[in-house]
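Below is one structure; the comments refer to it alone.
A, B, C and D are the chain letters, set down in written order, and residue numbers restart from 1 in every chain.
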Amino acid sequence: MKFSFKNDYSEGCHPNILQALLQYNLDQQAGYGEDEYSLKAKTLIKEKINNPHSEVFLVSGGTQANLIVISAILKPYQCVISAAPGHILNNETGAIEATGHKILSIETEDGKIKPSDIIPILEGHRNVPHQVMPKLVYISNSTELGTIYQAKELEELSAFCKENKLYLFMDGARLGHGLTAEISDLTLEKVAALTDIFYLGGTKNGALIGEAIIINNPVLQEDFAFNIKQKGALLAKGRLLGIQFMELMKDDLYFDLARHANQQAMKIKNALQNKGIAFLSDTYTNQIFPILNNHLIEVLSENFEFYVWKKVDENLSAIRLITSWSTGDEAVNQFIEIIEREL
Amino acid sequence: MKFSFKNDYSEGCHPNILQALLQYNLDQQAGYGEDEYSLKAKTLIKEKINNPHSEVFLVSGGTQANLIVISAILKPYQCVISAAPGHILNNETGAIEATGHKILSIETEDGKIKPSDIIPILEGHRNVPHQVMPKLVYISNSTELGTIYQAKELEELSAFCKENKLYLFMDGARLGHGLTAEISDLTLEKVAALTDIFYLGGTKNGALIGEAIIINNPVLQEDFAFNIKQKGALLAKGRLLGIQFMELMKDDLYFDLARHANQQAMKIKNALQNKGIAFLSDTYTNQIFPILNNHLIEVLSENFEFYVWKKVDENLSAIRLITSWSTGDEAVNQFIEIIEREL
Amino acid sequence: MKFSFKNDYSEGCHPNILQALLQYNLDQQAGYGEDEYSLKAKTLIKEKINNPHSEVFLVSGGTQANLIVISAILKPYQCVISAAPGHILNNETGAIEATGHKILSIETEDGKIKPSDIIPILEGHRNVPHQVMPKLVYISNSTELGTIYQAKELEELSAFCKENKLYLFMDGARLGHGLTAEISDLTLEKVAALTDIFYLGGTKNGALIGEAIIINNPVLQEDFAFNIKQKGALLAKGRLLGIQFMELMKDDLYFDLARHANQQAMKIKNALQNKGIAFLSDTYTNQIFPILNNHLIEVLSENFEFYVWKKVDENLSAIRLITSWSTGDEAVNQFIEIIEREL
Amino acid sequence: MKFSFKNDYSEGCHPNILQALLQYNLDQQAGYGEDEYSLKAKTLIKEKINNPHSEVFLVSGGTQANLIVISAILKPYQCVISAAPGHILNNETGAIEATGHKILSIETEDGKIKPSDIIPILEGHRNVPHQVMPKLVYISNSTELGTIYQAKELEELSAFCKENKLYLFMDGARLGHGLTAEISDLTLEKVAALTDIFYLGGTKNGALIGEAIIINNPVLQEDFAFNIKQKGALLAKGRLLGIQFMELMKDDLYFDLARHANQQAMKIKNALQNKGIAFLSDTYTNQIFPILNNHLIEVLSENFEFYVWKKVDENLSAIRLITSWSTGDEAVNQFIEIIEREL
């Protein structure tokens, strides 16, 4: 079997989680998220974001979190604004539209949204009532291109949204990676203070399943649980989610795992940069997009699995490499060796 | 802590499952249900139903399975027929209607549907195009009242549905319990032969999460996976579902667990019957509804948790007791002892 | 051609409307309901309900009004309460469920809802978040059975809804007939004061198309126009609706037409009562449901069209007779003559 | 009052229609489109398209037609392809997404779609089941930019759609104008032969309301009426739609009205071209987009109403002028006089 850099969900989960599942397995608990572990996990999260008034809900996956949040928040005629590479636009089989809401797309180079990107959309949607009403700004951090929001960027975006009565929603499927990037000056506490709602992704950072939706805006908290149940996302054995987030939140395991994934990617990035390789985007998280020649790509694929992301010209293509909480040194070193041998 | 007879999802999962999760934890696998364990689980299921042409999809929970199946199958103007106690009618926060489909309710004493129950509905819905078109019959086995379908009943219902171009869909959240009831003459193979689509519930029978949707009618198989993704039900780490069903299907563990749950309930049932206690419905599965006097209910609740289901008169109420794959002899014996002491 | 008592929409419209359509035909007007006639019609309606703060929106038909109002008001997990004969439950092809909302049905003899009917529904829906949340009470006046709400009944229902944070919505497809029934002590002004939202039906009272939705609760007024456009109900030539309601509201034409329809029905009712004929329900509006023997029904159907509504026994059935703003004396007298001759 | 060139729905309807409404006003007719006039109108349409197997349904407006057709045809995971200026994308308040379906946008200069525009969309949507499935191509003729499809263009697009199992749906809100453009070589019969489904717009061509949906693909005909009722589009007095289309279809009135509108626009176009004025797009229908200097625009707006469509530079903007079936010579000549005087 070739080692895979295709994604960050190829392995199971962090051993602490399995250990806890074993330990608590036969304890009887209340169903539907009222178990002790879920309550403990929520408490830990609220401590880390330093906001006791936020509410936390645990669901299984990213598409599920996105569709529940968006359909819960918006009125039928309101719509979402997303960067063009946004996961909800491209890789969720129209899950958002299936709940009745249009997504307006913003072309961006780095997968991020600035206030100046939103202004023309607002100006172009004033023909009341003939057009949808833009109401929610959806961003990802880290983004689908591996880039991140810095504190100042998020502050500006948040202020702009408040002024324009737009909700700000952060898809945090890879929030751990975003926040632990070596250049990041953003913190979890700040994310909670600057967004109306966001989620903390477990699936791509050491859990088997699980995303923690955190609602900071009190207006959006009301009756939220109904939406989770109605969309089929309320697990009878909520303990499965509770135990995972309880473990991930203990002693910052969540951030340690993300930092590890980032570091493994950075090792490869540095090795490639030392050889003068260019990248599709300048990333500091667990996704890198080096532009390699066809021959090298072929050699690498004899030993590793990864996606060829985008053809650049006849000789060059960008590949996507993703590392995870469990990517070991061996695979990374072997990859680097081939690079150094071939270049 | 008092022992709980409130439901069959109070504990974690069967130890074999945890063992397998540990064993395969660091193996890299393809995402989204293309992992080896999911493929193996599907193969085992198709062997057990003896139909290689059926298709199997693994999802997380019952409400999720119900809403995906129904919204995938029906055209916008078509509706569902359900017995009045049907889970989709009462305990899913309008999940089916949220996908656009009405549910027509049939009053029944035992939670089961007969062809003669459906005829008046068909006759009452012929004012085309001013009324919804009944198109799918939803049944549960075992039902929400703990009762079961026998082979002859399901054969008649299946034939009626075919004649009337109705789809027959069985909610099998407790199918294991239904099929292993001591009086049941129905088999999994027969269920597959007689329904267009059904699911095999894991959550209430020893899994952490998981229901296996099995599509027997080829017309309903086309493009089904899109619906799973669109509703947020396609787990990135599909291995979590795959490993569970792989283990449950090995050596009939699934049925052994259900049979155990039934037997523990029957022990209590027999003890109560020996004392002349009546029941709300005559069940042979893991749900029993004995009618007890208020004093006895009080005494029992000092030691056990359970739901008081329905007030019968000033002195009597039916309680609901549910046993599970993990209900041990100790709790059952202690419960029986109190009964025998008090009556 | 036999004269038809089948419904109140068999003819075109009141001549005043056609006259106005001719008169204003070539005047250029703004589109989408911003024309002078629509503005005038809305002003007249607000005067008649004596509430300048209500907002008025004109749409084409009853099903359209119902689905727009309900989907605009409710959050995804909220549902409707309706009497069992409610039009939205039986004759709108699941239009409400198609917008995602469940309708809970109340069995009633007279098609009307009392607070005591709603209490058990509220009590039966407290298993948060596993059940839909009842939020809107839908009533019709006159009802689908021809009965009406008196002032006291509506006051009590309105107070109950306020206490329980339920919206009260009146389907007024036949509101003219309800308010002009000889025994009615309810007024249009009172209806507006006691409901959150209601509509004034034109289609069944002299218009070609048209229902005027009137929103009294300011919370429900916000952005309402978006919903009308999104559901395809905003006519480019809104003048068609505006001119009709402008004419109907002038000099109380609307109420004169409804009163005429009621009176024609009452003439027949009286003739039948004089012969000792019983009725399915005691109505004072333009719908009557006399119980006749099969022979008489046969004789009458040689001369008139009407629906046989409900078989009572082997010899007797109730028929439904509906009169309209344009039902002339000749048809009524001829019908009465046959009755008097045959009985 | 200034004469308005803002749109083609500023006036009422063609006098023949009012005459017929008057003539048949008191005839009793069956409701819900079963009236004689609707049946006659449908017969006339089927004769004109020379296809007795097509089915015709009459609804009120364009957004309504679009949302009914698209939601009736597509499965939940299927989506629409539209040119970027498509009405469904920009001016229908998200009506299509509100029924659950995504719209993929194609950038085009002339508002038209070619097979080569669709290929990259198909290629970009093969990540099954993570992306929506493109299934329906939506085109307008004439387009939102006033341009038209020629026979060869539609033949190629139709063939491409068949090969790729895509439905072809033509929004014909201005189909009369498209087909009667002086350069058009397309016929109504050909449109019916080349599309799966299309509609013939009445609202913008002399009717008060009304679009005739024509379904040529038998697969799409099944049970279509249910969708019309469910979306609130089935008028009780279907006669209103029937009479209008009956009159418009008599003696080709429909095409005469459209041709007149086109000719009035062409007179202005020619006058402007004689003065060397450029246009935003090269149109032969009732919409023209001349690029004028700010001074001239100001002078013209003292006498006429029209939209300033797009700023071209500091001195120049394109305006949009729309003529209708009722635009008289006086307004056109006066407009031309100002042009000739000022330039």
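Definition applied: a residue touches a chain if its C-beta (ideal position, glycine included) is under 8 Å from a C-beta of that chain, and two chains touch if they have at least 3 such contacts.
Since the structure is predicted, the reported quantities are computational estimates derived from the model, not experimental observations.
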Other chains in touch with both chain C and chain D: A, B
Contact-richer chain pair (by C-beta pairs counted) among B-C and A-B: A-B
Between chain D and chain B, distance of the C-alpha-averaged centres to the nearest whole Å: 51
Whole-Å separation of chain centres (CA-atom averages), chain B against chain C: 43
Approximate Å spacing (C-alpha centroids) for the pair chain A, chain B: 34
Per-residue multi-chain contacts in chain A, two or more chains: 76-77, 92-94, 98, 100, 129-130, 226, 229-230, 234
Contacting residues of chain D [partner chain A, same complex]: 76-77, 79, 90-94, 97-102, 127, 129-132
List of chain A residues in touch with chain C within their complex: 32, 71-72, 75-77, 100, 128-130, 133, 223, 225-230, 234
Complex contacts: residues of chain C adjacent to chain D: 1, 3-4, 7, 9-13, 15, 18, 21-22, 24-31, 60-68, 92-95, 98, 203-204, 208-209, 226, 229-237, 239-240, 326
